[in-house]
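One chain, chain A, appears in both complexes that follow, with chain B as partner in the first and chain C in the second.
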Partner chain A sequence: MTPAASPSPARNRLAGTGAVLTLAVLLLLPSAGVPSNVIRLLLGTFLWVAASLAWNLLGGVTGQVSFGFAVFYGLGAYTAAFAISGGVNPYVAFAAAGLVAALGSILIGIPTFRLRGPYFAIATIGVNEAIRIVMSNLAITGGASGYRLPAAGRFSQAEHYYTALGIAAVAFLVSWYVMRSPFGLALRAIREDQDAAADLGVHPFRCKLTVHALSAFLTGMAGGAFARYTAYIHPDGVFSFATGISILLMPVIGGLGTLPGPVIGAIIYSIVQEEMVVNFPQFHLLLYGALLILIVLFEPGGLVGLAKRLARSVRGRMTGGPGEPAVARARLGKVGP
Partner chain B sequence: MGLTDLLNLLVAAILLAGIYTTMSMGMTVIYGVMKMVNLAHAGFMMLGAYFALELSQRTPIDPLAASVLAVPLFFLLGVATYWTMVRFVPVADEPTLPSLLLLFGLWLVLQNVGYIVWGADDRSILTAMTMATLRFGGITIPIIRLIVFGIAVLSFVALQLFLNHTWFGRSVRALTQNREAGQLVGIDTRRTAMLTFGLGIAFTGLAGALLATLYSFTPDFGASFMLRSFVIIVLGGLESFSGVAIGAVIVALIETFSILVVPASYQLAISFILLVVALLVLPGGIEGLLQRRRLQR
Partner chain C sequence: MTDLLVVEGLTRHFGGLAAVTDLHFQVKEGEIFGIIGPNGAGKTTAFSMIAGSLKPSRGSIRFRGQEIAAWPSHRVVHLGICRTHQIPRPFTDMTVHENVEVGFRYGGRRTAPRGPVTTEIERLLEFTALSAWADTPAGALPTGNRKRLELARALATDPVLLLCDEICGGLNSAETQAMLALLRRLREAGVTILYIEHDMRAVMGICDRIMVLNYGEKLAEGTPHDIQHDEGVIEAYLGRRASIRSAGGVERRA
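Take a look at the complex of A and B:
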């Protein structure tokens, strides 16, 4: 992405209109007689969109890859589950879920952000696995047999749907705001060159902790909504390494560091998940692995990068000039420190 | 808890350290020359385990002999992996994100190909020696562990000789110490990297096959061992070959003796906590710590 990309006002307005229209359609869907399994698929997608956007703030914008977001998803899920079981209002419970996850992220971040990029990434694998093992062995989480939420009132799919949509919308707005704020510029500066950023007065450690907490808050809320919807969670599910991988895969597939990328990645992920998990339980992870390899080797900008490249070559052909070279190739290389 | 029990634990820890060294060597040579953390380590270990299983089931070859046969095969596999994928990833003085993601993707592919080919059932390899033990006074030593330890030590010694007495070994050590200086004196970095990747995977395959004779396994096999390998090479200082042996002994001792204080189900968590602690307080590993001490004097 060009530094501090500021698209033309016309394109800005177009994107804004598109977002509002999409939101309007999504709001109307449940009352438009759409089949409930479609609603269910969308609901799951919204939660993944939220987690994917959240991860992108840390991994894509700031360039700090974490394999450990399952921790925040799991913390959020369990916090919400306990709070709702204790009779707390579900929406207060979601906020609590986000706060606990954010608190967790600070506790994890203080030691691990002393490590530079790749070492941070590997440390997060260790943190995630350690926490998962501890959680599977604690009595209060229900251990390996899981935790069941009490049924509270009538089950309303539409309510869950709107909750998930709301969380995704919050994640989108927060991402949009952060990415165009001075704070977002500082984060990008850290991604490009941490030492240079520090010389210019950015405090890398503090910025990383803040964005980590923000990401964790959003992921925790998504986890909380997930727990309330499924009404049954267990540590090897929400805290699993696979959950962390999924959250990382979506923005990478879609396009790191961009706003539409994580959303597109999450949508594709959810659809593939829906189609494949039932029929070929192992095949979908195989597919993600292959996709990851292909993206690293051929299109580090993800699907958004691919689309940009295609658009450029089409435009180049129409004006008769040569298409611009694929600058996207160098992008992922730059994301690391 | 008597003295014999403690001695038994100590012997078990040392025998474990042998195989831990072998599996971590594969990771450390690759890290040394290419500065890549091989996140596909677990996948290749799993393949090594199933290689030993298939060979011992289909042919009269003993699984332990099969583990030795894995070495040349996995060397070629490693070279092929380098040639088709790894060489396209940028290299730097520390691991790059694309290399992490690529090797991680490769792990996912290998693991799930494993599930498709072999299913999710727990497998294990029984050898004639699986149940046999040696006894010295109160100390019991499973023979299979002793043999695995022997093979592990032999492979470690062979690698040391190889690194210290061949030109390829010299170029590996040179690139590990200083990549640019190595290039300046005319080392073919690509070729060395390719052969090193092959060598690393060969060790990984050997370790997987050896571990398969000790533990049961599924296509998910190797994940915890991969993280342990990483703990070990971090403790060893990331690119020191002798440091790996020290790291392996430390991890094996801590894991084995932690049974006395922590429930067995938390045992894995200890390695992971150790990983984070090692990364934080020992950036140069044990070797680095010793060197600093020496310099201070």
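Take a look at the complex of A and C:
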């Protein structure tokens, strides 16, 4: 969980170039004759990437672990579904989906952010379940039988693909901007020590509400795009606890508090999900449980943390001398009595 | 000198325990005001109420005439009151530079600067002898440096009144001298300091006035010389039957 202090300009340029190239390739894929099944997989992945990055802002950067992001995903999905059914332009509907989710996050955040750490996490489970049950019993959501969007013209997979890609790109840019901004600095300070941050003038409650709303907005848009693509949603799907767990799991796998971590986590999750659900419908939950335990025990930094550690040890071996970790260990050795 | 901070009838109960009872005192602009007392005397409790980390049960705290008794710490700091912690609480996964940057961006009497503040941070790190550690994660700092980081972070908020909670605790004598030298320089620069300390030698040498707390109440107040000769204080620290030949005895014992 150690975000890089300030990567060198050369590394920044490299990362920037990589991001632009990736985006270019992804933009060209639909017209390059890629099988539509691959496009479908990518499309789903993009939506998970957006939700994963969004959760990371609150859970990874700010350290507020929420099990309740399905609420925002579901609110976004239903808002978009209703708006599109009512004849609203889909892109306006996605924005509305984000706004409704953000509004919901503020209403949820005001009471729950009075709690800290595990108590906040537990409260989000309760809120999620309560909202799921209410939604399952409302006539307007279609209840347990779900809600079907009216067919709107010709189905274009490429359009859904670009929408999902766009939402993922927005989530990525927002995350990148927040993490290097003074606001991001305050969020990290809150994660490290909320009271000490307040002593230095950070308003923890306001910062948490703001980042919660931002995360919810992005998650809501992803939910909205999902609703439009599948054209059928039901409360026990989009509002389910499992959806919230998935959104939490991805940044944990990839690396909490980092920018590439949630993206990598979402990609791995989507691929594994695709393979596992088809072949072993029950087994995948077991795998995620085991994975979560292994990560928390052995590599809390996720895959990004693991990669950094490997890179350091390789560098240390190549230079022969006491590498970076040795220096860090020497310094750590001096801490405390 | 005018009164910068006026505390009247300050009281805090924890359940049935009165940690601080009916405390009255004033801190004058530009002085170093010490608060001492045996363990559990209520020093840190009083201090936390002034810093806004703890709500008083009763009483008034006025800073430049402004009542701040019910204010949270993130508001108090914008008036120019900032504290350091007895046990340093660095943001461990952030670099020393970033730790100080938080104070710069969010503390202080100005609105958060959006542009770069690197020069000011570097100056502060130099003042607190932390320049060499600027890019080190704060969690990797040894105790002495952590204490100085507490000071640097608090100073980044540009305080009028600096609250130092046992800032020399756990330091060796060379580090203590260096820290006291920093506090003297801050006083010269016009910062008023409210100073809690266990290290008697440090307190006696640097404070203009001292207040002694015992069982949550004020036992004595005066110059270091007065305090060293106060019968009540000697009794609180050493017990009733101790024979004290000189004021130096107080220092050694404590």
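Keep this in mind: the second predicted complex is superposed on the first by the 317 of 337 C-alpha atoms of A that agree within 3 Å, B and C clash if a C-alpha of one lies under 4 Å from a C-alpha of the other, contacts with A are read in each partner's own complex, and residues count from 1 in each chain.
Everything that follows uses one rule, which is that a contact is a pair of C-beta atoms (placed from the backbone, for glycine too) under 8 Å apart; a residue touches a chain by one contact, two chains touch by 3 or more.
Keep in mind that this is a model prediction, so the values were computed, not measured.
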One more residue to check, A:189. First (chain B), second (chain C), both or neither? second
Taking the superposition on A as described, I'd like to know which of chain B and chain C A:37 touches: first, second, both or neither. neither
One more residue to check, A:204. First (chain B), second (chain C), both or neither? second
Touched chain A residues, chain B compared with chain C: B
Chain B versus chain C as contact partner of A:279, first or second or both or neither: neither
Jot down the residues of chain A that show up as touching in both complexes, chain B in one and chain C in the other. 332, 335-336
Where on chain C does chain A make contact in their complex? 51, 53, 72-74, 77-78, 82-83, 85, 89-95, 97-98, 101-103, 105-108, 112, 114, 135-137, 139-143, 153-154, 156-157
So, in the complex, the side of chain B touching chain A is made of residues 37, 85, 88-90, 92, 94-98, 100-102, 104-113, 115-116, 223-224, 227, 230-231, 263, 265-266, 268-269, 271-273, 275-276, 279-280
The residues of chain A that touch chain C in their complex are 1-3, 5, 182, 185-186, 188-189, 191-193, 195-204, 328, 331-332, 334-336
Touching residues of chain A toward chain B in the complex: what are they? 63, 65, 111-112, 114-119, 121-123, 125-127, 129-130, 133-134, 136-137, 241, 245, 252, 282-283, 285-286, 288-293, 295-297, 300, 332-333, 335-337
